[in-house]
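The block underneath contains the structure these notes are about, expressed in structure tokens.
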């Protein structure tokens, strides 16, 4: 499996340069008979699309998806699904083939391959994530409806969201152009990003993702544990510089007796739903929905850290760059989680002899 | 590729339960003609071995490796290398089949597979990492000698190392049973861990890994970037709950203009060695040796966050559990980095048409 | 790797239903810097295209390829190459959703997936091979120019070609609509196939493929030997019911002393180019270019056996079906060989430590 | 996946040189909860073992298997199963490092890797197939009991078996040292092979394999069809020079109207068991249990052609070489079929959304 393919069971191969003819993805491994429409995918792409508000790039991409294969009369065929999005508003004349942008992949890419598509970063462009969102929308149709994946901007620059409802939905998140669902923090962030745009400054931040409703036991020890694949998937997105389960930084400092408090020892009653006491005993406060690398049915909390956007200074004031990619990255990270879980969900069908023997 | 296999080009499959007959690994993809001896591997295993000091478990495992295949007259044959380590000091009578240890994988494992080897965690035991160290030692023979991977305990509990020499070596790290190479911090940590052992408490911490001497361009966009594979590999090790490139938490808060300061704009002079100015310009302070997901030749700094060890309370005072696994995990994380880089190093041979066409 | 992906190093994923929007392939693993044009691929597709002569289906497909990614200014970028061909002349009204054609995959496909694209066989259609030819054309650009792959109709029905020049070229083969380069046999076959069309009869046959100029040592023991991958690749093409190295049927009957005659014993002179005597000693007459599963530099001869085309009787006289698919299958089998060899050729770059260490 | 690994879902990696410390296999992907004992595997190995009769090599290998992992209290754990067999009777002094045996892989192996284990062929030895038989025995426990795989010597040299009972069992086959279950042919073959041993001659032949009881729909279009994987798997065994579905040679010559006779057109009655008429209509006589690349529930007949054994002349009379490997290859080919079907059987669990969604 080469670097453009993700997943062993739910298997996605993406393609396309930012200023080429088209971008897209082939998704193989989708079981037959699942309802899937172009609209579902288009709706997902629209959430990633630039040009949605004053704080994002003014590049209007359109991003209309076309499904070339794998779906027939509204249902998946069990064959590969290929979706493509043609490029339109490319303005490659904004780029100079002899100019390697600092803070970007231009130079290392050139050294690695001896050639590069210099028009906007080619495949190293953030536009590549479009294919991930496309595939993520398909992944969500494979997952049980109970699984909910909701991401939001937890922090942008120095401003942190503190009031987040426990039953947060994507709709609530999308009400804010910042994708920060704490209204007070959102307002501060919005002003901060407008200032950034004016000053050629940029911001990093933190996206937090909540995954609820996972079946118990997703993950394939020892290298494809849920706790390894999910962070690895998120880290593959440009500008993500760290991923933690919950607040790992805090947890690494806690004494064990405090950290594991409330874990009432052994779990040996049959029938107990993954915990030792009526509420949620047996599940360590920092289990974060994953134990021994496997999902335990509880909420998984992931935090992805972003460095500040690379385009700063005079170039950043031209209006075609986001001062902070965190808001638009939310659906991208959700997509990566969906792809990972779809892969593990299908893998788990093979765990036991009884389920198919 | 199932969950017990790691890597596409340098490909490792591990096996073995903690209280079974043996553990080990098959490594496929090692080029022919490389010098490899049992001693090299044994030396690596010895660094992971428990029972080395007052602050680790007293379980004396021996861990003698035997190479069954793939090496002939001191050189690799280009065929799979199988190494095994037999289990001896197992004491499975310490375990109870009906007892599921809280904070461990026991319950989810049972729910997933409907069966488990209850003797000490089976394959979910930390003893599984022995196979990783074995494979990591082989990976290091594949890598160019210039690549140096050195890990150390940056923080244990609340105590953080601050004085670390820039040319740190494994030998310097191993001088300390804590694997914290700041003597003052090491002394405090040692005392803290002895107190933990007495009180049934445990500690988490942070391992920091420095990778130097990487060739430019390791990584396979867009899913197998160096910045995705390295953290994913580290996250697959039990108790690691987060991985960041450098200090991602800090970086996520910095303004872009400050973060990218010193990046003197474009890199367009041919012949420049990956930077725009005499010292290290063009490389963002937080590039951390990786740009666009690819290695750029500079030092890569990884931080892996550990939660406190799971065995606390009365069971922790029996002497057969580490109050903190961070010291012993250092060679395990180094091994995961070596395996990842060996995989990407071999992959990079295929980047260009000229190198083999 | 799922069933729509071929190859580990030169990795092809195909997609598309015969009467869907489009068919195509993504090719990942193509090294950067290789010359590649749409014309090269179009030329290959034209050789597969139906409607070329009186003896093939009258379905005129056009089959114009469009390259969406991976090529920039006439050179490969090292990124995935996606090529697509839109469907036009589909006439799905010729098909009946409730009718399962005997001798076709309709029923088993329906039983497997619970759904199928009944319009012309969906992905089980011979039209799927278009993606293989597309990928094969790209594979040929990866291979050294010395490697020549030439296929031809050795036998159709009962008529066998006997006079074949040893330096046969594709151009010579393509001079005949039957792709049988023995003029006398070709004339008989042409008449036989016209009779078939009139009578609703069909023919099977044998395609023979000659591969010359292979470097020594292609193949990855023990499961990905050249002698396993090449036949496996050919067998994946519909209607192929057997593949042999040379004349395996004859060879299986020969006494060893006769079969291995001319093999002058040991090969121990250094410097000898794979043979023990000036001409070609040391190479068994039936080595067929492969020894121990690896290419030995000599010509590889493959024979692929085809069963008679499945559409017979009244349906076969409508003019939209080939009475024999052997002629049109020649470029498909050549493509499968090119894909296989490209995969093994890239893999061989990793054999030795010296080539990249 | 490198060349020593077979299968994507039921995944086998083999290792070991013929005169090294040990050979073996790791099998990953075996579902948890399956009954598996060392005895089952040992019994399979015993069927492959040399030194069983006057017509095989006198090398007495013993071949005692040891299971190192993956099985606990008689059941599979869902973790990798590693089995090894130590080498004993190696006599490497029979071999000369500077001597490259004609007809063997010695030279190409040396050219490929620049090094080889010259003691008896290293990994290119037939002894490598031991690992396949080991893995095949495990594969059989994964398959439903209804699937029966029985191979036998159909032809050795010029002598062909003609009277074979339709309900042939392995026990019946094993009654004959030739593994030819036609007593008259068996007697002739036995005499012929004794003559070969005396004269330093050798024989090739044909192994026929009957697979019964397959569920409908095994195979993963378009590259991992049952009809591609099974022959590819058999071709990976040394000395196999061709594989056909049924009598492909004969079928390639038949007129379509005759070949497809009895196929009464469409299959459109719901509930019909894969056929259009009372007996077995709808299934073409040459369907051979596979249609459109997928199993259709009928018997699959495979024929594997072997060239004559390579060791001829004076070396062949030393008594340590089989004059014909066909008899001992029967369990090896059965194992390859079992591994292939186990891989496809597990894959088929993922075909539809309803089975796990």
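Labels for the chains are A, B, C and D, by order of writing; each one numbers its residues from 1.
Criterion: a residue touches a chain if its C-beta (ideal position, glycine included) is under 8 Å from a C-beta of that chain, and two chains touch if they have at least 3 such contacts.
Since the model is a prediction, treat every value here as computed from it, not as a measurement.
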Applying the document's contact definition, name the chain pair with more C-beta pairs in contact, B-C or A-C.
A-C
If I average the CA coordinates per chain, which chain comes out farthest from subunit D?
A
Please report how many Å separate the Cα centroid of subunit B from that of subunit C, as a whole number.
45
Taking the mean of the C-alpha atoms as each chain's centre, how many Å separate subunit A from subunit B?
25
If you average the CA atoms of subunit A and of subunit C, how many Å lie between those two points?
40
Overlap residues in subunit B, where contacts from two or more other chains coincide
1-5, 8-9, 14, 29, 32-33, 76, 78-79, 112-114, 123, 221, 348, 351-352, 354
Where on subunit D is subunit C touching in the complex?
1-6, 8, 14, 98-109, 111-114, 123-124, 128, 155, 157-158, 196, 199-206, 216-217, 219-225, 227-229, 231-233, 235-236, 238, 240-246, 248-249, 251-257, 259-260, 263-268, 274, 276, 282, 284, 286-288, 291-296, 303, 305-310, 312-313, 316, 323, 347-348, 351-352, 354
State the interface residues of subunit C toward subunit A in the complex, per the touch definition above.
1-5, 8-9, 11, 13-17, 20-24, 26, 28-29, 32-33, 66-70, 72, 75-82, 84, 112-117, 122-123
As the complex stands, subunit D meets subunit A at residues 8-9, 29, 31-34, 76, 78-79, 142, 144, 221, 345-346, 348-357
